[in-house]
Structures are given as C-alpha cells and as structure tokens.
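Below is one structure, written out as structure tokens, with a few remarks after it.
Letters A, B and C mark the chains in the order given here, with residues in each chain numbered from 1 onward.
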Amino acid sequence: MNSRELILGRVRRALADVPHDDTPYDQAVDRDYLREHGDRSVEETVELLAENLADYRAIVHRCTAGELPALLAGILAARGSASVLVPPGLPPEWLSAADTTRVHDRADSTVYDLDKVESVVTACALAVAETGTIVLDGSPDQGRRRITLVPDHHICVVRVPEQVVASVPQALELLDPVRPLTWISGPSATSDIELDRVEGVHGPRTLEVVLVSGGGG
Amino acid sequence: MRVALFLTCVNDTLYPDTGRAVVKLLTRLGVEVDFPMAQTCCGQAHYNTGYRHEAEPLARHFSDVFGGYEAIVTPSGSCGAMVRELYPRMGERARAEGRGESLAATLAPVVPKTYELTEFLVDVLEVTDVGAYYPHTVTYHPTCHGLRGLGLADRPRRLLQAVKGLELRELPGADECCGFGGTFALKNSDVSAAMGADKVRNAESTGAEVLCAADNSCLMHIGGTMTRLSTGMRPVHIAEILASTEEEPLT
Amino acid sequence: MSGGTFVGMPAFPKAAHEAVNNQTLRGNLRHATHTIRGKRAKAVAEMSDWAELREAGKRIKDHTLRHLDTYLVQLEESVTAAGGVVHWAADADEANRIVVELVRMTGESEVVKVKSMATQEIGLNEALEAEGIAAYETDLAELIVQLGKDRPSHILVPAIHRNRGEIRDIFAREMSEWGRPAPEGLTDTPAELAEAARLHLREKFLRAKVGVSGANFMVAETGTLVVVESEGNGRMCLTLPETLISVVGIEKIVPTWRDLEVFLQTLPRSSTAERMNPYTSTWTGTTDGDGPQTFHLVLIDNGRTDTLADEVGRQALRCIRCSACLNVCPVYERAGGHAYGSVYPGPIGAILSPQLRGTASEIDASLPYASSLCGACYEVCPVAIDIPEVLVHLRERVVEGGPVTRDGNKVVLKPAKGHAAERAAMRAARWAFSHPGALRTGQRLASRTRRFHPRTLPGPGKAWSGTRDLPAVPAEPFRDWWQRTNGGKDTSK
C-alpha cells in the first residue's frame, strides 16, 4: 500500500465515530461574526486605513490624481533614489515628473539586478482599512512578487475610496485565490527579540503608501 | 429557603472555621442551612489526577446525598466547578464508552442547583451588602476555577467592597494561578512553589494585611508559602470576612 | 534543533527544576511573556465579535477534521490542477526521504527555510545535513537558535529564552562560521541585531535555488497555501527560488477560501498581538513568470491520524500554532520551553506531544501533569481547544491505560509504571470517601494527634513542605462541631 492510501485509510478508521449524515459544511459553521467592525462612512473608512497604516509605521501620503506624478517624484527625490523599478503595467504618467532612472522588470531580470535598484512603485489590488493592509495580486500594475520584495523602498499607490474595503472578510470576497497574493501591513518587522516589535528585517524597510483620490490612475 | 452546605472534604477536615462562617452568614441572611452528614468528597482530586473511574462512585454518592435539596452551596470554587462543569462531562464520557445513560442521569439533578457561595449570595439571594464588618486592608485573589471555570467575575469583589471598614487593594497579576493545582503542587513542586512565591510577592506589594480568596485549597498553598517566607500577611477565606460583624468580629 | 535532539529528555519536573532556578531565563521569559500578554489582550479587545470568530474557527476546524479524508483528496486535486505535485508521508522518516530526494533532483546542495513547525517536528535539517545538504533557517529567532546550536523553546519565537545581549554575543561569535560575519562593533539594540540578520541572510536568499516552507493554512477548494510571517524571510523563500517544497501537516486544511476570513483575523492578534502581521503570502500551485516554477507539497501524518482517532484528544489538531497559550501560561513562564522536551512546548505541547509521540517515554508521560489546570490557555485559545480537558484525559491514559491508536493500529495501553502508590492512595481515598464513617474516624484521629503534627514533612512529603508550611489540623472537624452544637444552634456547647 502506498502512503496516500495508508494515511487516508488511517483517517477513515480514526473517524469511525462520525455519522454519515454529519452536519454538512454549509450548516456546520455559524457565520455570525461581523462583516465589518463599526459603521463608518466611506471617508471614515479611508481615514481608518490611513491611521492603521501609519500605526504600523508605513508613511502615508494623500493627493489627487493630478498631484500624483509630482508627489511620487518628490518622494523619490527626498529618498535620494538613483533608480526605481517599474512594473510592466504601471500607468506611465505616474512617474512622468520623476527624473529617477526607471528600471523595467523583465522576465530575465535576475535578483541581483533587482537588488541594485533602490525603490519600486506599484499599484495594488485593494487595501483593508481595519488592519492597515495593502494587498498585491500580481496584476501588470503591480508586477511579479519579487519586485516589491528585494528593493528596500516600496511606494504603493492606492486609489481611494474605490480600492479600500473595511475588513478582511470583504477583502477575501474580492480577491482571486488563483493569483499569488501578498498582504502587506507596514514595513518588514520582527517580534523575535524579547517579543517586542522592531521594524526592518528582510522585506522593504520603508513602505510609503499614497492614497490617491479623484480617479487617480 | 433551605439549602445544603456542601463544605468539601478539605474544609471539613482542615478548615472548620470556614464552615462555621458559612453557617453563620447564611443563617443571618435568613437561610436555613443543613449539613448532610453523609457528605464526603466530590471526587475532584481523583478526576483531575486521571482517576475518572475512581471519581465516579464519589460523584454518585454526592448526588445521592445532595439530590433532594433545593440548592447546594459550597465555599469552594474548584469543588463547585467540579460538580457544575465536570459532572456533566463524566456523564458524557460514560455514554461515549457505551456505559449508557445511568451516570449522566444520576448526576444531572445536582448540576444546576450547585452554587459557589458568592454566586449564591449575589445571584440567588441577590445581596451584595451582607452586613459584614471587617476593619482591615484586604487584597483579593480570584482563584482559577472560580474565575475561569465558574465565571464568578466581580461577584466576590462586589461583596467585599460592601463590607464596612474593609479597604480593598488591587492585587497585581490577580488573574494568574497561585500554583496550587491539586496534585500539581506535589508532582511539579518547583514550578508550583515558584508560582506561589510570585503570588505572595504580588500580594505583599499591596501592603494589605489579608489575602482573601474563595477557596481554601489555594489559600492553604498561599498561606503555607506566606509563613515560610515570613511575610506578615495572613490568608482568610471570604466566608469568614463576610460572616464577621461589629457584634461578632472575626478573631 | 529537531525532535531528534529531544530524545532522552528527563521528565518535565526534573527539567523544570533547573529552569526555575535559572534567574536569567526566568527574567527573559517573564519580560517577554508579560509584554505580549498585555498587547494580545488589547488587540483582542478591539474585536467586538471575538467570541463569534473563536467559535467559527473552532467549528471550521472541527468540521474539517471530521471529514479530513474528503478534504485531503480535494486538496490534492486542486494543488495538482494548479501545477503542484503532492506527496504523502506517513511518518517523519518518509517525509525527510521525500524532501532529500526532491532537493537532490534539483542538483542543489543548500536550501533556505521559512520557519516551520512541521519541518522541526520531523527533524528535516538534520536529515538534510546527513545527506550533505545545508539548510539555512531564515527566521530571525530560528537563526538565533541555529547559530547558537540551541533548541527552540517557543512556537512563535523559538529564541524567547534569549535576551538581546545573549543574541548579540551569538551573532558576533557565530555568523562568520555560516557566511557573512556580524558587523564590527555590533551592539544589542534590536534594530542593529535585525540589520545584522538582514545582511547575513541576504546573500543566501539571492543565490537560493530551493526554498523549504511549511504553511499556516491549505485551502482544499482552491489548492491555495498560506504563510503568515513578519520579517519578509518567508516572502524571500517563497518567491525567489526556482523550486519550492512545502511540508505541511494534514490537519492544516480549511475547506474554503472564505474560511480564511476567520483565521486571518484571529491568528495575528493571538500570535504577535497585531491587527495584521506584516506579510501574508498565498499561492496556488505555480504562476508563469512569477515565483518558483516547481512546487511540491509534502503532506505529513506523523502521529496526526492517531491523534484524530481519540475523540477527546483530537481537538488538539485544531491548533493554528499562534502560541497565545504559551504566552499566558504560568507554568511555561517559569519552566521555560525546553522542559517540555519537544518542538511543541507550553500547554499545547503538553497535549500534542504525548498524542503525536505516544506516552511511552518518561517526558511524554510527564507532560500531561505539567499544568495546574488554571485554564488560562483555554481562555485565550482562538480555536477554543479545551487544553485542561485534554490534559486530564491524557493523565487518565497514563495512569489507567486503555485503548489508543498507535501508527494506525488500535492497541490497549497498560497503566504506566511509577503510579502504583498514587493509584493505591486514590483507591483508598475513594473507599474512605464512600464510607463517611471511615472518613470521620480518620479526621478524628488527625485531630487527636494534632499536637504531634510537624509543619514540615520528611521524604516524599518534602514536595509540599520544602517550600510551604502545612496547615495546622483543627481541634475537631466541622462535622463534629455541627453535631455537637446542633448545627450551631446550641452555642453553649
């Protein structure tokens, strides 16, 4: 017998006490927890996102769609970044005001190539207000996972309010599990020294989130 | 109202003062107290040490002795939790082992009418001011089975706060176990003693004269640690404080 | 670092004896656990529906366990359809053989690892090392443990027993052995220590061709795996290598994508007391042009089906490894994680290890007693595992024996040795308590001889009186007073 059959056989014998008409999945779980916590207006939800992002040490900026190119140029200049990674589908106008060297992620770009780039600018799939989370799903305006991982400085643009959901349950409803997802809540951190949170280990140590209103992108 | 006092074997043997205090307190509040002489032990120590089958006859005996009363009152959070939480589980286990309904049916009647003392006072008699007088500084340790098992919540504190002359001081780390844990105190005596010492240090830091709890098993451990560490504090069961009055103060 | 190094551990009380007397360790554990306790309570209090989320988490896990065969088959189908390869391992040896073979097929001689309890449990690093494959732990705490040639003592923070000064010393001394040395003049500030780890591991991440991970969840309906982490080392291992091998216990399944909405709310708050951990990665098989192009999932049993066969004990398989029970446990705080003799320390370890490994060894037979049954673990558990209930159940297994399942076979355990005196005492007490007259005789005897009772005891009694005075025996038991005074009514007597 192979191990698959062995394990499945053991499982079935272990569950001899479970009746054939055991409560089916859709009745087995009461979903009487909340779909979102609190009753907020759209503006208040965006405000909560900004608060929670900042609480976990993300740097939060707010602007209109028209102001976005200047703001991104300003962030890159202030950081002193010589180069910025650009995912293939990033709206070209976003970086139109920046004079930082643009590095386009290509299929044959190696991790060593990426490691030389200082910053990366991406859009996101959505953001979760209650937890201060942005979620990337690998769409063309976000690129493959490694480009937001290897550079030390990640700038993520969130269109508000349309990309903001209040809660984790609402986020999962909208996300496609087939895509590789990265949920990001603040910069890289660790609690491994005396169970106290310190920012900055392997992922980008600086996370800047730009909340763009007015049909940005 | 006529209730049965389930004193517990530990109190009967080692802490008769607590029993006398419960009788005095309940009588003062107009309750007729009976002490069924056939009572012995609820079986908690057996059950929690892994001797469930030895605990079963004791549980049956408990049910025989107390089944006929309207209410059963005990000055012990852990023995109260044994009856209320674990007797139903013993019945379920016997059923799961194919031993039928007998045990569950025998134990079922005593489960809902067993009350820990402070529960009985606050929930059944609906009093928090029991007319007590106790002119001392007191810190209160909520024992684990009372706190997390029975969910006594703030009942003991409300009772203590209403006691004339009593000054209640907050115990740091109050929710933490004192380290007694029945046979744990013997089987893991190092850890148990370390927990007890930390509890006593926290109690000492309040500057209170008295550490009060609603379970003498925990107080035996805490009190034994207190005398060994030569603290000036003393352990007192909550029943003795609530029984104390200006006319007849606790000595 | 594996379960292997725990073989031959002494019983819990003996191991705990040393820990209790180690003041540095006591200080480190007290500081860390008390810090996280307060934060967790605050993070949980933010959620008005915590009780409902906890109940839903419990029910999702219970339902999954009750139909585990169905969901395992469904998971295998979804993972395969998404481009992954599924392997099944009945025990640790088989799992290690599979992983070694998979690494060999890549032609590589090193792997980078995401922190994973399952791979620690099976002793994968040692198995790889024996075959000439270097396994680099990349989680900061795991790195501290690996560099310090130490054993993990906590589920979430395996180096919780180390303070910042000790960590600095380990980095300064050991990093050069494994790769990039620690920076000159490294201090003990957590930020500098984190920076040293970043620099040390960077080169390993960038050149790695094979990543090894566990998973927090596997979604049967979609074939999605989920890793919840903080540092970004997980993302590195899950996205940069060409081959990813995930070793996961069969109980980590949830039926649907939607079920994650419960656990992604309860796990971070219970674990690191955060609203959300910094990084959560989900992947479904392989994705063209993004991440590893080869994905293997190794499903391990290693005692889980034996645990599943126990109707009381199976609830331990609901565990999502948050470690809230460790952080709140007064016994863990004083005994430390090493005393539990397993990669699973603390209250959950005390019910998991004796079920996964059986109760034959001295340490496993002693673990069910490593608790005062205070119930704090049950109170904080985000999937409502009634740890005290299972502890008592396992005590019964130790002292009474009875039917259990080992390696898939039903066997009847004999009562453990070394409990004969206790068993006799329990029987005698039960007899006395069944005969009120006998109890009364004993009480009276104790009262009459009370002047001769010492406050301390010799021999085995020292377990009590080594640190605590005995209570004085009263002049008469309550029942004598009751009878003598007619229930207190006749106060003249």
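We adopt the following convention: a residue touches a chain if its C-beta (ideal position, glycine included) is under 8 Å from a C-beta of that chain, and two chains touch if they have at least 3 such contacts.
In this text the structure is predicted, and so the values were computed from the model without any measurement.
Of all chain pairs, the one linked by the most C-beta contacts is A-C.
Comparing the centres of all chains, each the average of its CA atoms, the largest separation from chain A belongs to B. With centres defined as mean CA coordinates, chain C is found 32 Å away from chain B. If each chain is reduced to the centroid of its CA atoms, chain A and chain B end up 52 Å from each other. Mean C-alpha positions place chain A and chain C at a centre distance of 30 Å.
Shown for chain C are the residues that touch two or more other chains, namely 311.
For chain B, the set of residues touching two or more other chains is empty. Residues of chain C that touch chain B in their complex: 12-13, 16-17, 20-21, 26, 311-312, 330-331, 334-335, 368-376, 378-379, 389, 392, 394-400, 422-423, 426-427, 429-430, 432-434, 436, 439, 443, 446, 460, 463-471, 473-474, 476-479, 481-483, 487-488. Residue ranges of chain A in contact with chain C, taken from their complex: 2-4, 6-15, 17-18, 22-23, 25, 28-34, 37, 52, 56, 107, 111-112, 115, 128, 130-133, 138, 144-146, 149, 168-169, 172-173, 177-204.
Residues 7, 9, 11-17, 19-20, 23-24, 27, 33-35, 37-41, 43, 45-55, 57-58, 61, 89, 93, 96, 144-145, 148-149, 175-177, 179-197, 220-221, 223-225, 227-228 of chain B are the ones touching chain C in the complex.
Residues 28, 31-33, 35-36, 46-49, 52-53, 55-56, 59-60, 62-63, 66-69, 72-73, 76, 82, 88-90, 94, 138-141, 144, 156-157, 159-160, 163-164, 167, 190-191, 193-195, 197-198, 201-202, 205-206, 219, 222, 224, 230-233, 235-236, 239-240, 250, 255-262, 264-265, 268, 272, 274-284, 287, 289-291, 299, 301, 305-306, 308-309, 311, 314, 327, 405, 408 of chain C are the ones that touch chain A when the two sit in their complex.
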